[in-house]
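A short worksheet on the structure shown next.
Here the chain labels run A, B, C, D, E and F in written order, and each chain numbers its own residues starting at 1.
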Amino acid sequence: MPSKEETLNKQDIFNDGFWFNNAIFAQLLGMCPLLGVTTTAENGFWMGLATLAVLLCSNLIVSLVRGFIPDEVRIPAYIVIIASLVTVVELAMNAWMHDMYLILGLFIPLIVVNCAILGRAEAFASKNNVSDSLVDALGMGLGFTFALLLLGGVRELLGQGELFGFNILGDAYPDVLLFILPPGAFIALGFILAGVNVINQRLQAKKDAVLQAEKQGAAQNV
Amino acid sequence: MTEFGIILLSAVLVNNYVLTKFLGICPFLGVSGKLETAIGMSFAVMFVMTLASTASWIIQQLILIPFDIVYLQTVFFILIIAALVQFVEMVMHKTSPVLYQGLGIFLPLITTNCAVLGVAILNVQQDYSFFASVLYGFGAAVGFGLVLVLFSGLRERLEAAPIPEAFKGSPITLITAGMMALAFMGFAGLVKV
Amino acid sequence: MLNIWHKIQQSLSLGSAQGFTGGIVHGNQYKITAGHPIVACALPELFIHPIKQHIGEPCEPIVEVGERVLRGQMIAKPQGYLSVPVHASTSGTVTCIEEHTIPHPSGLGMISIHIKPDGMDETDESLHPLPNYRSVDATELRERVRDAGVAGLGGAVFPTFIKLVQDQQNQIDTVLLNGIECEPWLTCDHQLMLEKAHEIISGLDIILHMVEADKGIIVIEDNKLDAADVMKQTLSDMGLTDSIYVQVLPTRYPQGGERQLIQAVTGKEVPAGGLPLHMGVLSLNVGTSKAVYDAVCLGEPLTERIITVSGDAVPKPANMSVRLGTSMHFLLKQCGVEHFDGIKIMHGGPMMGELLNQDDVPVVKGSNGILAMNQQTIMRAHHQEEPCIRCGDCGDVCPAGLMPNLLAAHCKENQFERAEDYSLFDCIECGACSYVCPSHIPLVHYFRYGKGQVAQIQREKTFAEESRQRSEKRDARLAKELADKEEKRRVAKAKKEARAKALAEKEAAEKVVVDKDNVEQPDVEQTDKPEVKVDEKPAEDKA
Amino acid sequence: MIFLSSPHQHGGNSIQLTMFSVIIALIPAAMVSVYLYGWLAVFLLTTCIGVSLATEFFALKWMGKETDRVWDGSAGLTGLLLALILPAAVPWWMAVFAAVFAIVLGKQLYGGLGHNPFNPALAARVVLLISFPLHMTSWIVPMHMDASLDMYSFITSLKFFFLGPDAVQQTWDAITMASPLGYLKTELGQGVTVTEALVNYHYSTLHAFIGREAGSLGEGSALALLMGGVWLMARHTISWHIPISYLLTMAVLAGLFNLINPDVYAPPMFHLLAGGLILCAFFMATDPVSSPSSGIGKIVFGIGCGILTWVIRTFGNYPEGAMFAVVLMNMATPLIDYYVRPRVYGHKRGKQS
Amino acid sequence: MDFLYPVLIFATLALIIGTGLAFASRYFYVEGDPLADKVDALLPQTQCGQCGYPGCRPYADAVAGSGVAVNHCVPGGERTMLAIADIMGVEPKAIEEEETAPVVAYIREDECIGCTLCIKACPVDCIIGAPKQYHTIVTDHCTGCTLCLEPCPVDCIDMVETPELLEHWSWPVPGTKRAVKAEKRKAQHDGKIEGTDA
Amino acid sequence: MTFDKEQQKIAFTLFVVGLVAATMLALVDKWTAGPIAEAQRQALHQSLEQVLPEHSNDPLKDMFLFPIAKEENIKIFPAKDKKGDVIAYAWEQIAPDGYSGTIRILMGVRVSGEIAAIRVTFHKETPGLGDGIIKNKTWLNAFIDKTLTNATWLVKKDGGDFDQFTGATITPRAVVKTVHKGLVFYKKNQVDMLKRAYTVAMKSNEEGGKK
C-alpha cells in the first residue's frame, strides 16, 4: 500500500483499483449492492454508475481535506461527507431517473456504507494527493461497475434468458429462477470469483515467467 | 404480544438480513472465519444495531419529521451510527483488549455495515412503534448473528476440506452462503407481510 | 427387551451399571491357541536384557562384561522410585553391554546386557522363599515384589510394587484380577488360568493381605468359561470363597482396559486424572498375580513369562513359557517359522501391539504375545485411508466416549488445542475406532501423532521458558558485573580523587564541584552501554 | 521407514459396503415407484443415477483423483435418492440439471465424499423447487388411480419425459394432481377444516402406508421405506438416533396441536405418513456426511429436523417441510458437533478436561 | 431562509457528537500493548536475532507495535508464525528459510584455546569454562542459535544434530504406502496443471 | 479531563463538516424538490393511464378522497371527457389473501360499472407461478368489460369465468375475489362517488377561479 507522498504510476493505480485490488474480486467489499440489485444487467450498471459518481467525489473531497481532520473524528467526518454525496445522488435519481430509483430502492442510501467507498477514503484518499485519488476512484468505481454488470448479466441471462431486456437464449429456455433469487446471487458470484481466481493464477504465472526470463537474461549478461 | 413475536420471527428467520435482504454481507463473509470471532462480532452487531434502531426512531420522530427534513435522513443516521460505533470501539479497547483484538479491523467496519444503516432506514420506513422498532433492530441483529455463527461453523469445517484450487477461499465461501440462503428459503411464508 | 434398553442406554452413553460404554466384538482367532498347554521354550544362544522393561526410569547395569551371572541374579539396579530391577534369565557370562533394538514402534534401541548362557541354568538363591506370607509385614513384601522385578504383565508393565501400597486416604477394598484377555489372538492368560490357578489365587491372597483389602474378584470373559470353572473349583478347594469370587462378563473388547474393567465390574468410572486407587480399586493381571506369588512364596524373580505365539504365518502356534531376553527370531523358529521374508512380526495383540521391523528383538516383561502375520494380512488391515464419511461408528465404539473422527481431523490439521479440547488425552489407544472405521482411517495413529506433537510442543515451551530465564539471568549478571566494575572504578577514582584532594588541599571549593561532575559522567555512559551492546549484536550477526 | 500404528486388524466395514447396503435398502421403494409411475419412474431413476455417476467420474478426473472412486457407491446413492425425491413429472433436462448440481455443487466442489456440509440430493431438490416451482409441485396421477390416462405406455412415457406434455397431447392439469400435503395446505388456506379436506381428497391412511398416494417417486410407500430403514438399523448402517427422534418429535408436536385444534392442525398419523418424511428420516437426515457424528448430537439433529418440518408444513409457504428442515439442520451440524458432545469417560457432563 | 433550520440542527448535532467523541477519546485512552506480551510468549526465546531484532522481546514489540511481518522468526518455524499471524489477525506468510533439524553447538575441546569469547556471546549462558581452559557446552541448554560460532578465533565450534531420544520419539504423521503414492500422484497432477498454465 | 485545544479541534471539525454538508443538501433538496414531485406524479400517472379509458382531464389533479369507514379514506382518481363529465374511476384495491401476502390492484371502472382495465401494482407471489398476474397480459385482459352481472366471479376451477394459472390457483383466486369486491363497492357507492367527484371538481374550479 502506498503511503509515501510520491507520485505513483497512474496506470498502476488504475489497474490496481480496477482489477488487482478490485473491491469485489479481491477485497470482498461492497457485496450488498452487488448481490442485492443485480437481478438484471441494467440495474447493475446504474448502481455501478451511482457508486462511481459517489466514489469520485468522495475521493476528491477526502484527499482535499485530509490534512485538516483529526484522527478521532476521521470516520464520522468522512462518512458525513460520503453520506451527503449519496443523498445528492439519491435526490437526483429520484428526480430524473425515477424508475431506476424505485428499483434500486434501499440500496441507494446504502451506498454510504458501501465498504468499498469508506475503505478507499480511509486507505487511499486520506493518504494520497488529489490526482492519484481521482485515478484510484475511477479504477475502483469502474471495477465495481464492471463486477456489478458482470454479475447482473450472468443472473439476467441465466435467470430470464435475457440481456439488457433482450431475449438471448430463446423462448424454449426455461427460466432458472434460482439465479434471480438470493441463493442464486451468491452461487453465481461464487463461480465468477472462481473464474477470477483462475485468471489471476494465470496472470501470476505469466508474471513469474517474465521475471524468471529477466533473471536469466541478467545472469547471462553478467 | 403476538405482534412482537411476529416482528422478531420475521426479522430473524423469514426476512433474514443477510440471506434474503442482502444486508451486512461484507462482515458476514469477513468475520466468519473463526467461531469465536463470529460470536464476538454477533454480540457487537446486536448491540450496535439495537442502539441504532433506537436512535434512528428517536431522530426520525423527534427531529426529521417535525422539522420536515426527511431528506437528511441518511446523513443523520449515519452520523449517529458512526459516532456510536466509534464510541463502542473506544470502550471495548479500554475494557476488553481480547475482544478488541478478535474483532480487529471489523469494528470500524460495523460502521460500514449495511445492516446497521439498513436497519435504521427500514425501521423508520415501517412505521413501527418505539418498542417495536427496537425489537425489530434487535431481531434483525439476532438474525445476522445466527447466520454468522452457523456460517462460521460451516467454514471451519470447510477449512479442512480438499477443495479444488480454483474454488478455495471466497468462491466456496460464497457458494456455501448460497446454499444457506437456499435453506432459508424454507422459512418463506412463516410470517405473511 | 432388557437387551434393547441396555443398548439404548449405551448408545446414549448414559453409562450403565453393567458393562462399559462402546466396545466391539471380535472374531474368534483366540481359538487357534486356546487350550494349547504351555510348552517351555528352549534356551537360546544369547540373552538380551534391555535395561528398561517397565514404565518409568531405566535401570543401571551392575554387572561387567565377562562377569558370570546366575539365573535370577540382579544385573541392573533400579534408579529412582518408578523403577524395578532386571534379572538374568539363566546362568552365563555377560558378553557385552551395548545398544540393542527393543520391541518399540520406533525401531530404536536401548542399552542392553547381553548374556551368553553356559547351559547350566544355575539359580541365584539370594531371595529366600517366604511361604508364610501372612505373617510378613506388608512393607517387606513390597520390597520383595520390587526386588523380584515384578511389573504389570497385562501389557503396561507398570512397576507392581507401587500399586501394592496401603494408602491412608484411599483404602483399597477391592482387588480385581484381570483375566479378560480381550486381544483377539492371545490366550496366554487363559492358559495360565487353566494351568496355574493355584498360584494365581495365592498371589491374589498375598496382594489382599498386602493392601488389606477384603474382596478379590477374578474377572473372566464368557469365551473362557473353562478357565472360570477351574478358578471357581480351585477357589473352593483352597477355601477362599469368602474373600474371593469369580465374575464372568460378556466378551467385548476392550473390557480388559483397567478403566473399562472397573466400569464393567463396579459400574463406577475412574475420574479423569484419577487413579483406580482413588476408587478403592486395584487391578492386576493374572500373570502379575502369579509373578507376585513366585516372588514371595518361591523367592523367584521375574525371569520368564507366558507368551502366545500365533498369527497366520506361524505353522505351530503355541502358548509358551519363555525366558525374558529370548530373541523373537528364535522363538518363532521354535514354532515352525522358517522364512522371515514377507511376514511381519507383531509384539502384543493386533489391537494394541506394535509392528516390529526386525526379528532379533528380545522378549521383555511386557510381551504377552508374538504374532507373525503375512504381509498381505497386515496390508489389508492397513488399507489406504479414505475420506471420513462421518458415520460416527468410531464414536459409538469408543469406550472413552470421544468423537474420534473430529479428534483425528484436528490432529491431522495440527490443531492440537482443539484436539485437546476434544479430550485427546482421554483416549486409551484401544484401537476400537480404527477397527470399525469404514474409511480405514488410522485414527489411533493420528492420536499418537497428536499426543507426540503436544508433548513436543510442551517440551519446546518449557525449554523456551528456561532459555528466557537463563537469558534474563545472564543479562542481570552482566548488568551486575558491569555495575560492580563501575563501582570498583568509582571507588578507585574516588580514592584517587581523595588523594588528589589531599594533595590539592589548598585549591578552591569550586573545583570540587567540577570533580563531582566528573564522577557522575562516566556513570551515565556506562549504564547506557549494555543496551547499545545488545543492539549491536544482531547487526554484527547479519553482517 | 513407514510406521504403522495399531490396530493391525480391521473389522471389514468399508464405504462401499455401507453405501451399497443403503442402495439395497432403497430397492423396495424404487420398485413401488415403478409400480406407481411405470416407465416414467424407470427413466427418471436411470437418468439421475447415470448422470450422477458420469458427473462424478468427470469431476474426479478433473480434480486429479482416482476415478475408480466412482464405484464407492456414494454417487450412485445420491443419484438414486435424488430420483426418489423428484416428482415423476420432471422432464429430462431438470433431472440432468439436478444430478449435476448435486454432484458438482453439492459434493465435489467441497472436496468430494465426506466433505460436503449439505446433503447433495436435498440441496439439488431445493434448487429445483425454487427454480421450477410448477414442475416441482404438481404430481403425476399414479397409474392405479386413473388407468384411463394414456400416460404410462413406454412410448408415451418416453415422449413425455423428453418432449413434455404437449408432445403427448395432454394438458398439464389433466395429468397432474395435488399431493395430500399440497391439497391440505390449499384447502386450509380456504378456511376448510382438516377433516373435510382429507375427506374431499379421499385420503386413506392405509393407502398412504402401503403406497398408493401421489407424491415424489420414492415417498409413496411408507411400508417399503420402513422395510429398508429397519433393515439398515438392524445392520447398524444407520443408527436409530436420527429417525426415531425425528419421527417422535413430529408425532408429539402434531399430536399436541391436533389436540388443541383439530380443525387447523393435521393429525400426527397424517404427518408421519405424508410426503417425504419417512424417506427423509431414514435415508436423508441420516446421511452421515452432513449430520452430526455423535449419538447425542444426532438426537439433537433429529429433534431440530422434527420441529422445523412441522413448523414449515404448518405455517410456511411450502407444503412439504422435511427437505428444508434437513438442509437447515445440515447447516447447524458443525455447531452441534462442537457444542453437543458425548460425555467423556471420567468427566462430568459438559465439562471437558 | 427556511433551509437554515436543517443546517443548524444538523451542525449542532455534529458539534455535540464531536464534543462527545473528543471527551471519549481522552477518557478511554488505552496505553501499552498487551499484544506484545502475547507475541513474546509465543516466540521461542532463542534470542538469536535472526529476525533482525536484538532478541525476542524487541521483535515481539515490533510485530505488535509497528506491524512488522510475522515471518521473521526462523527458529520458531511455521507453527510459531501461524500462531502469531493468528493473534495479530493477519495473513500468514511463508517463512523463507527452511526448517532444519534441531542442532546444538559442540566444542572440539582439544582445539579450544580457552579465550572465553564464546561465553560472552552465548545468550543463554550454556558454555562453561575458565580462561585458558577448554570450554564445554551444556547440550541440554543450548538453543542452537549459532551466536557462539563467529567470535571463536580458532573455529572450533561445530553445530551438530541432536540425536533422536527414545523418550522423545513420537509417531510421525500417518501415511500408508498407498496413501503416499496417491499424494504423489496428486502432486504430479497439480504440477501438470501449473505446467500447462505457464 | 480537560477540553483543550486538540479537543476543540475535534469537535469543531465535525461541526464544520456537518455545516457544509447540511448546507449543500439543503440547497440540493430545494433544487430537486420540484422534479421529484413531478417524477412521482408521472409514475402514478402512467399506471393510471393504463387502467383508465381515454380521457382529457388530469386524474391526479381531480383526485378526491372517499370515505370507506370511519376515518378511513381511499383515493379515487376520476377520468373525465372533454365536457368535464366523469367517465370512469380508478382506485387501489387490496387483496389480503395472496399466496405470500397482500396484492395491490389498481382497478379502473367505467361509470357504467364495467371494468376498464386492472393492473397489479404490488405483490409478493412466487416468481414463475403467481406472478402471472403481472406478466400474463391475456389473463389481465380477460377482466376488461366485465361487470357484476356478465361474469361469474370465480376462477374456472371453482366454476367461474376466470382462468387460474397452472399450479397456482390461490393467487388468481385472490385477485378475482378482490376485483369483484371492488365492483360491489362501486355499485353500492356509485351515486355518492359521482356526487363527490363533482363537488370536488367544483371546489377546485372555484379555487382555480379565485387564483
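Methods note: a residue touches a chain if its C-beta (ideal position, glycine included) is under 8 Å from a C-beta of that chain, and two chains touch if they have at least 3 such contacts.
Owing to the predicted nature of the structure, the values given are computational and were not obtained by experimental measurement.
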> Can you name the chains that touch subunit A as well as subunit D?
Replying inline: B, E, F
> Among the chains, which is located farthest from subunit F on the basis of C-alpha centroids?
Replying inline: C
> Going by the average position of its CA atoms, which chain sits the greatest distance from subunit A?
Replying inline: C
> Between chain pairs A-E and A-F, which one is joined by a greater number of C-beta pairs in contact?
Replying inline: A-F
> At what distance in angstrom does the C-alpha mean of subunit F lie from that of subunit E?
Replying inline: 69
>> For subunit C versus subunit E, what separation do you get between their C-alpha means, in angstrom?
In response: 35
> So what's the Cα centroid distance for subunit A and subunit B, whole Å?
Replying inline: 22
> Using CA atom averages as chain centres, what separation in Å is found between subunit C and subunit F?
Replying inline: 85
>> Using the touch definition from the top, which residues of subunit F touch two or more other chains?
In response: 6, 10, 13-14, 17-18, 21-22, 25, 29, 99-100, 128
>> Quick check: what residues of subunit A touch more than one other chain, meaning two or more?
In response: 72-73, 76, 80, 83-84, 87, 91, 177, 181, 183, 187, 201
>> Residues touching two or more other chains, restricted to subunit D: which are they?
In response: 3-5, 105, 111-112, 115, 127, 130-133, 317
> Contact residues on subunit B for subunit F in the complex?
Replying inline: 71-72, 75, 79, 188-189, 192-193
> If you look only at subunit C, which of its residues touch subunit E in the complex?
Replying inline: 104-106, 108-110, 379, 382-385, 412, 414, 442, 445-446, 448-449, 451-453, 455-457, 459-460, 463-468, 470-471, 473-474, 477, 534-535, 537-538, 540-542
> Okay, in this complex, where on subunit B does subunit E touch?
Replying inline: 63, 67, 69, 72, 75-76, 79-80, 83, 86-87, 90-91, 93-94, 97, 101-102, 104-105, 165
>> For a test of understanding, state which residues of subunit E touch subunit F in their complex under the given definition.
In response: 3, 6-7, 9-11, 13-15, 17-19, 21-23, 25-27
> In their shared complex, at which residues does subunit D touch subunit C?
Replying inline: 1, 3-11, 13-15, 17-18, 72, 74, 111-115, 236, 239-241, 288-289, 291-296, 298-299, 337, 341-347, 352-353
